[in-house]
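Chain naming follows the written order as A, B, C and D, and within any one chain the residues start at number 1.
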C-alpha cells in the first residue's frame, strides 16, 4: 500500500493504454503493476495501475488538473488513491461477533491497511471486543419508531470521524434508502447465502428447507434493493444431511468472516470498480 | 458393489439399530458398512447397511417375507439392492455431449457399475459417441405438436429395455408431468446453476447479468416442479469479471459433468434416500 | 455433546455391530448416531456410537466392568466420553496470535465444547488476548540451555490444571521426545504446509522457491518424528506468481486457523481413532 | 485466439510498459488485454499483451526486426503468437485413457485451440479412442533394451508432423535426458500427486500409507530432474479413511484430467512464461 493506485473506466477505444502509460512515463511515474480488462459485451474498458510514488513528479493536489485532459478525451470515470490516505472504516454490528473479531484481528496484524475509528451497534454486546482493540464503541439502540433518529446519530458519528466506508459486519437492521443513498458504493454488507439464492431473512433456514448441498456467503455493496447490490466476493462450503440449522450457522460463520474480510481488503486497496450492478475486482 | 445394500427410513424410536443388526446377525448377515442418520427436526431415522452376501442365509426371493415383520413394526420405507442386479440406465441427451462423453467413459472404466442399454436423443448429433461405446442410439426427433408422441416412444423404449433410471445428460426438453410421474425418484437431471439461484432457462446468462463470483451446477431428481426436485449433488467454481458467457459455459461443462457423474454414482450404488423434497446421501 | 460417545477399534469379525448394539439395547442405550468403518487392507474394524444418556442404565463407574466382556471377546481398544466431562485444553503459543484468537473466539461462541484453563507461551506477546477471554496466561521464557527446565514447568502446569490435551497453536519450539512421550495422541500441532511436502522450517519459503500453485496447512498429532505424526485435517488454497512470501503468510493464516480449529473440534468431540500412523475421523 | 499474443520477460526498469505500449500504438496495435507482473524478490518484469490484429501494421515476417530495438534495450526474452498459428500437439499415452479422452473431447468442442496430428503410445490400448477422433495413432512398443530406439521413433514422428508440444497424458515411461533436452519447456506432464509430496512411483500408494486427507495432481514442464520441473497447475481433493487406494485412483482421475487440461490450455494460449524453475501463468 505504498504505491499510488489509479483506477479508470471508460468506453473502449484504441490507444488508451498507450496514452495513459505515456502520460505517466513522461512525468516519472514508474508503473509497478497494471491490470486491465475490456468487456466485449458492453464495450467498456477498465484499468488499475499501481505507480511508484518515488520519482513521480505530480503532486496529489496537482494531479486532477494535469490528468483532466486525458480523462476527458476518453470520457473516463476515474479515481486515485495516494499512499498517505488510508480508508477510514466504521464497522456496524449487532450481537454476532465473529466478523468483528475477524476484521479487528486482521487489522491488528496489518493485513487490513485502514483506519477504524469506531464500531457502532444497536446492542451493547460487542463493546468489550472493540475496546480491547482500542477502538471507540458506540451503542446506539433503536427506540420504538426511532430508526430515523438512530440513523441520524450514525450519520453524525460518521461525519465527525471522517469515515468513508461503512462495513456491515452482520448488522441486523435494514438501512433506509436515504441513508444508503448518502454512501454509494461505500457500504459493504455480508449476506449469509450464495446470492441470489436465499435473499431476505433467515437464509440458513431457507437453505435447510430446500436441502441444498452447499451453503454460501456473499459480500456486496449496499443499494436500495435489498440483497441486490453489486457482488464483490462469494464463497461456498459443502453441507450434507447431517448438518441441521445450527451446524449451518456454525459453518457459515467461517464463510461469512472470510468473504467479508476479502471484500473489505479489495475495497481498501482500491481494487474494485463498480460498473452498472456488477464489480470488476482486480485481485 | 459385491455387497447387499439395505436402505430404510422410518420414524425414530429406541432400538431400531439393535433390532436390525440382530435380525441380520441371526441369519448370518455380516455387516460390512453401516451409515445412519437421525433428523432431530422431523424425528426421522435413516439407515444404509452393506451386508456381505457370503454366509447370508436369506435369499432374494425370501427376503421381503422374512423382513416384513421388522419393517412393519417400525413402519419402514425400505429397499434392498442385490449384487447381481445392476441399475439399468437410459441416457437422454440433445446436442451438448460433454456429460454423455464423461458418463460413458466412467462406465467404460468400471467406475459406474450399471448397465446402459441405450442413449436417446431428440437430435442425431451424438450418435457416434454412443455407438463408439457399443451402445444403441435412438434418434427420436420432436415433430411440431409431437411431444406427447415422442415421449410415448421414449416410454416404450424404456419398457422394452427394462430401464429403471433415466439420466438427463443435458437433455434440453421439459418432460411432461405424466412422463415424470411414471418414474418417481428415477429421473436424474443436471441443471447448470447453483439451484435455487438461476432456475429456468439460460442460467449462465442470468449469472453473467447478476455478476456472481461463482457459477454452479446442481443434480436433482426430476419432479413436476421444474428445477425444484430433491437435490442430490452441487458444486461451484470461481469466475470473475474476465469470464464472459462463453467462458462460463466452458468452465460450467466441467462442473456439470462432474456433478452429474457423482449423482449417478450415488443413485446406482443405492446411496440415496429421498425424504420429502430432500435427499439423504450416504457417501 | 449431550450424548455419550463410545469408540472402538478391533480386528474385523462377523457380528461385532450386532453384539455391540444388542448390548446397548438391553441396557436402555438408545443409539443416536453410528458411524463405522472396516479397512479391508488391514482387516481393522472401527466404530463410533453416540448414545442417549436418557434411559441408559449403566453408570460411568460401572461401565468398564460391564463392558469388559464384549471388549475382551473382540480384542477392542476402546474409550468412552461422558456428557459431563469436557476435554481440558492447554494452548501453547509463541508470538503469532491468529490461531489463538480464532480458537478463543470459537470457544467463546460455544463451538468448541472444552475447558481452556490456561495459555502458555515462551513469549509475553499474547497475554492480552488470553486474559481478555478470562484465561490464565503463563509466560515461560526459555533460558539459554533451559529448555528442559521450561518443559518441566509446562508439565507441572498441565498436571496442576488437570489438562488432557495440548494444542500447539503456532508454538515455535520443538518439544523433546520425553515431553511428547508423556502425551501420546494428546498433542495437536498445526504445520503450515501440506505435509509431507515442506516439512521442517519455513515451509512458505520452501513453497515459494518450489513455485507451487497451492499452499496448505496440516494438523496432526505430535510424535517423536517431527512433522510425521498422524494427520487429522488438511486444507489447501490457490496461490499464483503474484503471491510472494508475505502473501503466502497472510493467506496461510486463514488456512492454519481453520484447519487447527477443525482438528481440535474433532478431538474434543471424540471423533478420532488413531490407528498406526493414521487417523480415522468420524465427522 | 484471434488476437496476437506478445510475451516478454526482462530485468525490471522504469518505463518498460510505456515503451512497449507506445511502440504498439504508433503501429496501429490496439491492446485488448494486458497482464503484467513484477517480482520484487528477483527484480524480474513479466508481461503478456493481447493485440488486435485488425489495424496492426507490422507483419509476422517483419516483426522481429522492427521489435529488436525495444527488446534489446530492455534485454528481453520474448515470444509472439500469431492468430494463424495453432500449437501442434503430440499426445503420449500408455494404457490409462481418462486424460486422453478428456483432452480429445475438449479439442473436439473447440475449447483447446490446437492441432493434434497424432497420438503415440507404447501400448495399443487407446487406438480406438484416438481414431474415433480422427487422429492418427502410432503404437511404438518398447523392446527389451529398445528404449533409445523407441524415443528415436517418437522424435522422427514429431519432426515429420511438425509438432511443437508434447503432452504426456499418463505416459508411464521416463524419457531420457537427451529426449527431454530436445524440447525445453515443450513437454507437459501430469503427475498424480501434489508435488513435491509423493514424487516418484505409485503416489496414491504413498498417499494412502501416509494417511493424508487430500490427494492432488500436478502438471509441470518436464526437465531432467524427475518430477522437479516448473509447475503449471495443481489441484487437490478431499479424501478420508473410507478411501482406499482404488478410491484414490478413481477420484484422482478427475483431478488429473482437469489439471492437465488446464495446463495444456495455458500453454497453447501462450499464457505461460518459465522463469528459473517456476512459471508465471497469466490466466
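Note that a residue touches a chain if its C-beta (ideal position, glycine included) is under 8 Å from a C-beta of that chain, and two chains touch if they have at least 3 such contacts.
Treat the numbers as computed from the prediction; the structure is a model and nothing was measured.
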Comparison of A-C and B-C by number of C-beta pairs in contact, larger one: B-C
Furthest chain, CA centroid comparison against subunit D: C
A-C, A-B or C-D - pair sharing over half of the B-D contact pairs: A-C
Homomeric contact subunit A-subunit D: same or different residue positions, threshold half: same
Distance between the centres, which are taken as Cα means, of subunit B and subunit A, whole angstrom: 41
Mean-CA-position distance for subunit C and subunit B (Å): 37
Multi-partner residues of subunit C (at least 2 other chains): 37
Sites on subunit A touched by subunit B in the complex: 37, 39-41, 46, 194-198, 210-214, 216, 230-236, 240-242, 244, 277-281, 283
Subunit A contact footprint on subunit D (complex, rising order): 14-15, 17-19, 21-22, 24-25, 28, 30-38, 55
Contacting residues of subunit D [partner subunit B, same complex]: 97-98, 101, 105, 109, 111, 128, 132, 250, 253-254, 258
